[in-house]
Amino acid sequence: MSAPNTTADAAVPAAPPATPTVTRGGRGSVVGGGVLVLVVVLLAAVVPYVVTLGALSSLVMLFALVILGTTWNLLAGYGGMVSVGQQAYVGVGGYALIQLADAVGAPPWAAVLAAGLVGAVLALPTSYLVFRLAGGYFAIGTWVVAEVFRLVTMQIGGLGGGSGLSLSAFRGTDRVDRVAFVYWFALALMVAVVLGTYLLMRSRVGLGLTAIRDDRVAASSLGVAVDRGRRIVYVAGSAGAALAGALIALSTLGVTPGSIYSVNWTAAMIFIVVVGGIGTIEGPLVGAVLYWALQQALAPLGTWYLVVLGGVAVAVVLLAPRGLWGLVAGRFQIFPTTYRVRI
Amino acid sequence: MTEPLLRVTGVAKRFGRVVTARDVSFELSAGEALGLVGPNGAGKTTLLDVVAGTLRADAGTVTLDGQDVTRLGAAARADRGVARSYQVPRPFGRLTVFENVLVGASFAGRRPGGGGAPGGRADGAGPAGDARDRAWHALAVTDLTGAANTPSGSLRLLDRKRLEVARALATGPRLLLLDEIAGGLTDRELPQVVGLVRRLRDDGVAVVWIEHVLHALLDVVDRLLCLAAGEVIAQGDPHEVIRSPQVVEVYLGSTVDSVPDSVPGEPA
Amino acid sequence: MSVLEVAGLEVRYGDLLAVDGVGLTLAEGETLAVLGANGAGKSTLLAALAGTHLPTAGTVLLDGDPVTRVPAHRRVRRGIALVPEGRRLFPSLTVEENLLMGRYPRRFGPWDLRAVYDVFPHVAEIRDRRGGVLSGGQQQAVAIGRALLTNPRVLLLDEVSLGLAPSVVTQIYDAVRRITAEGTTALVVEQDLDQALRVADRVQCLLGGRTVLEAPAAGLDREAVADAYFGIAAAPTPAPAPRPTEA
Amino acid sequence: MDWLNAGVQGVLLGGQYSLLACGLSLIFGVMRIVNLAHGVLAVLAAYLSLVLVQQGLPLWLAVVVVVPVFAVLGYAVQRGLFNPALAQVRGSDSARQGSRGAGELAPLLVSFGVAVALTSLLQEVFSADTRKIPTGDLASAGVPLGPLSVGLLPLITLVVAAAVIAAVQVFLARTATGRAMRAVADDAGAAAMYGVDPRHTYAVATALAFATLALAGVFVGMSTQFSPGYGDLVLLFAFEAVIIGGLGSLWGTLLGGIVLGLAQTIGAQIDPQSGVLAGHLVFLAVLVVRPGGLLPRSVPA
């Protein structure tokens, strides 16, 4: 028996003959999206010609932070999984990039994308392990896995042990050309990751993920494959972290196991998402800009920015759990994932 | 003779020492409505969970159209046309009413043998148009179109209960499992819910309905099954079941001499 | 003076009005049975009396003092003890430890471990078992004993018969009768009319959150109770008050 | 001989891990919070005692000061941070209202924020250099045990760990407060019906956990070169001990600590670089083979 569709059914009174228009987003998202496009255009076409090379490198870090925040938000905000071990994939991405670019000889852009793929490939079997843990134990369990990744990396011959690797693919390239290439490539990658996340969350899969986040049991009785959904999110989020790690290695021209596998990457992701607004696409953008600005402003003072951010994150969780974006913008969406019915 | 839509055979379930189902069997055909009654703790919701696949029985089998689905999870059974509502509504609180129903319309019924049409594509376009149509239809049937854009977390109780039903309907179910959708409603709201369930049954959907509001139930169901302490103590014609000494005993106690003999609301 | 006096009680769960203007009084040593089908508002009423779910309107007086908004953990120290629906024993505590939780509010009096074991001799035999592995009847006995150890002014019993075999229900109610006969003031919420009538002095029947019947237990018209109970008659006998509009 | 020595050292090392894990296990057992600040708090306790010792206090007196200070700190942290975070968890459960909040993730995120802020703060105050609490002869003192010489300090640590775990166990099993704590862990609502104030009881549990943690931190500080970042490892080791031993069982935690210590020393015996890695791998293996841990609690919570 097929579902009663628009067939006129005598037993159903007052059923409107057709579905009214369903819109996604309104003038607000058009304006907001327009502003974002303008910002990206400025970043692409104007900024590189007016700021210093050092500033461009630091902007690359901002783009990496946006990717990190966006993909961690996919995990925690939509998948309900607080991983404290995403530095595992940041590190894998960094090492994979250098190996692919130097040892294999792939062009840097391809090496970055392939590094993301390596992250995804490693995340899939790992998910079967860490999914045995729930909630808080999932959090530390992923951290242990990240430590294993780091320690194994240090044990593998040819990866430079404790002192890491440096990238030689750019040797002979002019510094200006190199920084400009990395800058534009990072910008493009960031736009792609944010747009990709948006399209995923806008799709049927995204609707299912949101349902899983709100109520796992009810979602499964409506046919949403909960385990598969969470696994997709874990793999996609980890691939994103690996992409960011590859970018970071590309920009800093090297990796050491201590820094590229540092839990501070995950700390950054968490602060970006929590302070910006968990479970929204806009929140991580806001959070990343704030994190980056604080880091720039407080850099001369050492790690005080982490003290401040830690405190701010605690305050936000307790006092404004919807984050800055939720506080400022309410239900407004630049990236409309919601459906509105025109009645 | 045709195979019934749903066949539950010898289902048993226990939690630790507490037995919530003991050798429960029943059958249900398309277009038939079965009422499930019994005192609190009799195992009614557990039975619904076992049929829906949210719980796995310790023993016994569940078949749909003669196909054994005992080992399938809730999502897979939803694909095959089983939908349920929860006693305590479980809306996706951060989604709007329309989006809640769209979840139902987009995912279930995508496998062969499922009731509904394919829901959509996993691309940027979002759930396809026919899923939206089904979602809208479910809202229309449950009288929820006016609240389509309301965040479901802020719905009032009647609308939350309706949403439970609408979401289940949007999956295009062949078997609808309802858990106390009438409890807590006012005298004015009740007939609307009763009318809705009756329409669905008349449309050919098989319904299993747990309800404590007996006069609502008796208005709709073709058969009644009474559970007590996990066992079927009576099954059959609703008015005979409700007057049977065993049922009166579990409800009112062991030695009641007077039995309610006026049961209004004969089904049409 | 009444031990417990409740007036105009209104309790909501979200926008569901579960108890709608209920009043009741309970004199020293009296036992009141509150009857009604599922969803009638009985358990919610008890939750409001015990302080586990605070009412939106109305007053609860204990020995003349208002306790309406006193939280549960302080209310039990004032002398209101609840035997909750589903018993809610602490599964990882032993039976005796569960009982000893009744001494936590530090209200001492006639009810001590020995007195409880006297009323429920079989509980003494299983004192070292964990709460999580008991049968329903055993759980119920422990839950009642635990409440008695708080030496309450008012004992609230919620659906004692729930999910128990008839013979076990009878045993438990034998014990309840002994307890109330010794002068404990009690409010019994029950679906099982017969058992309730064995212990109650008075009966109050709820339907849809409102009182539809109040009568002394002796000489009660069972048919009236059954009608009120099921609400089968299309319009309940006492005309319902106009429903307050819900926002 | 080397293997025997590695085994003995592993068991002794396990004492330190179990002592560290005790507080983590307690907080999780009572209120289902995974305290990600656990490790850095232990390191904070080590720094505090180091400062006191440098001020001229004898070590034992430093411990007498630091442990109660941490108990008070634990009570305050619970009332001020964790209880409000728990209230968010409850709120998201019952109302399911649509505020896009952290919900059940709140306690985890709060404790992580504390962990990162505190680690960086310690780094600013004490620099990233490694330190050690001076113990005079104690660190090098050994006790002959058959053919082996066993370090006195690790031996004391193991004895203290077993004693603390036994004491906490007795407290939980025999006292009214301990009973109330287990009751709250089982069913906070029902416990409130019997006069237990869950928020206060939670805070007492955290105070106790912080006290054991402070003691563990001092022992870490005496036996190990520590730095602010060492808290991360402390957290991971404590966590692994809890999971290997089995959730909700303190004796399991003692066993888990010993298994972890053994894995690390035996792993290091095989390859000096791989001690910690071997510990992690044993943990992951337990996760795959026995997800409930070695001594899972008999009654599921």
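To keep things simple, chains are lettered A, B, C and D as they appear, and every chain counts its residues starting from 1.
Note that contacts are C-beta pairs under 8 Å (C-beta built on N, C-alpha and C of every residue); 3 or more make two chains touch, one makes a residue touch a chain.
Every value quoted in this text rests on a predicted model; they were computed, and no experiment measured them.
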Comparison of A-B and B-C (more C-beta pairs in contact): A-B
Remotest chain, chain C as reference, centres from CA atoms: A
Intercentroid distance (Cα basis), chain C paired with chain B, Å: 31
Whole-Å gap separating chain A and chain B, where each centre is the average of the chain's CA atoms: 40
Separation of mean Cα positions, chain C and chain A [Å, integer]: 53
Chain B and chain D: spacing of chain centres that average the CA atoms, whole Å: 48
Multi-partner residues of chain A (at least 2 other chains): 214-215, 279
Per-residue overlap in chain D, given as positions that touch at least 2 other chains: 95-96, 100
Of all residues in chain C, the ones touching two or more other chains: 14, 132-133
Chain C - residues contacting chain D, complex: 14, 50, 52, 71-74, 76-77, 81-82, 84, 88-93, 97, 100-106, 130-133, 146, 150
For the chain B and chain C complex, residues of the former touching the latter: 16-18, 39-42, 156-157, 180, 183-184, 186-187, 212-215, 229, 249, 251-260, 262-265
Partner chain B, residues of chain C touching it in the complex: 14-16, 18, 37-39, 85-86, 132-136, 159, 162-163, 165-166, 191-195, 208, 222-223, 226-227, 229-234, 240, 243, 246
Contacting residues of chain A [partner chain B, same complex]: 1-6, 9, 11-12, 14-16, 18-20, 22, 24, 199, 202-205, 207-208, 210-211, 213-215, 217-226, 279, 338-341, 343
For the chain D and chain A complex, residues of the former touching the latter: 28, 32-34, 36, 81, 84-85, 88, 96, 99-110, 112-121, 123-124, 232, 235-236, 239-240, 243, 273-274, 276-277, 280-281, 283-284, 287-288, 291
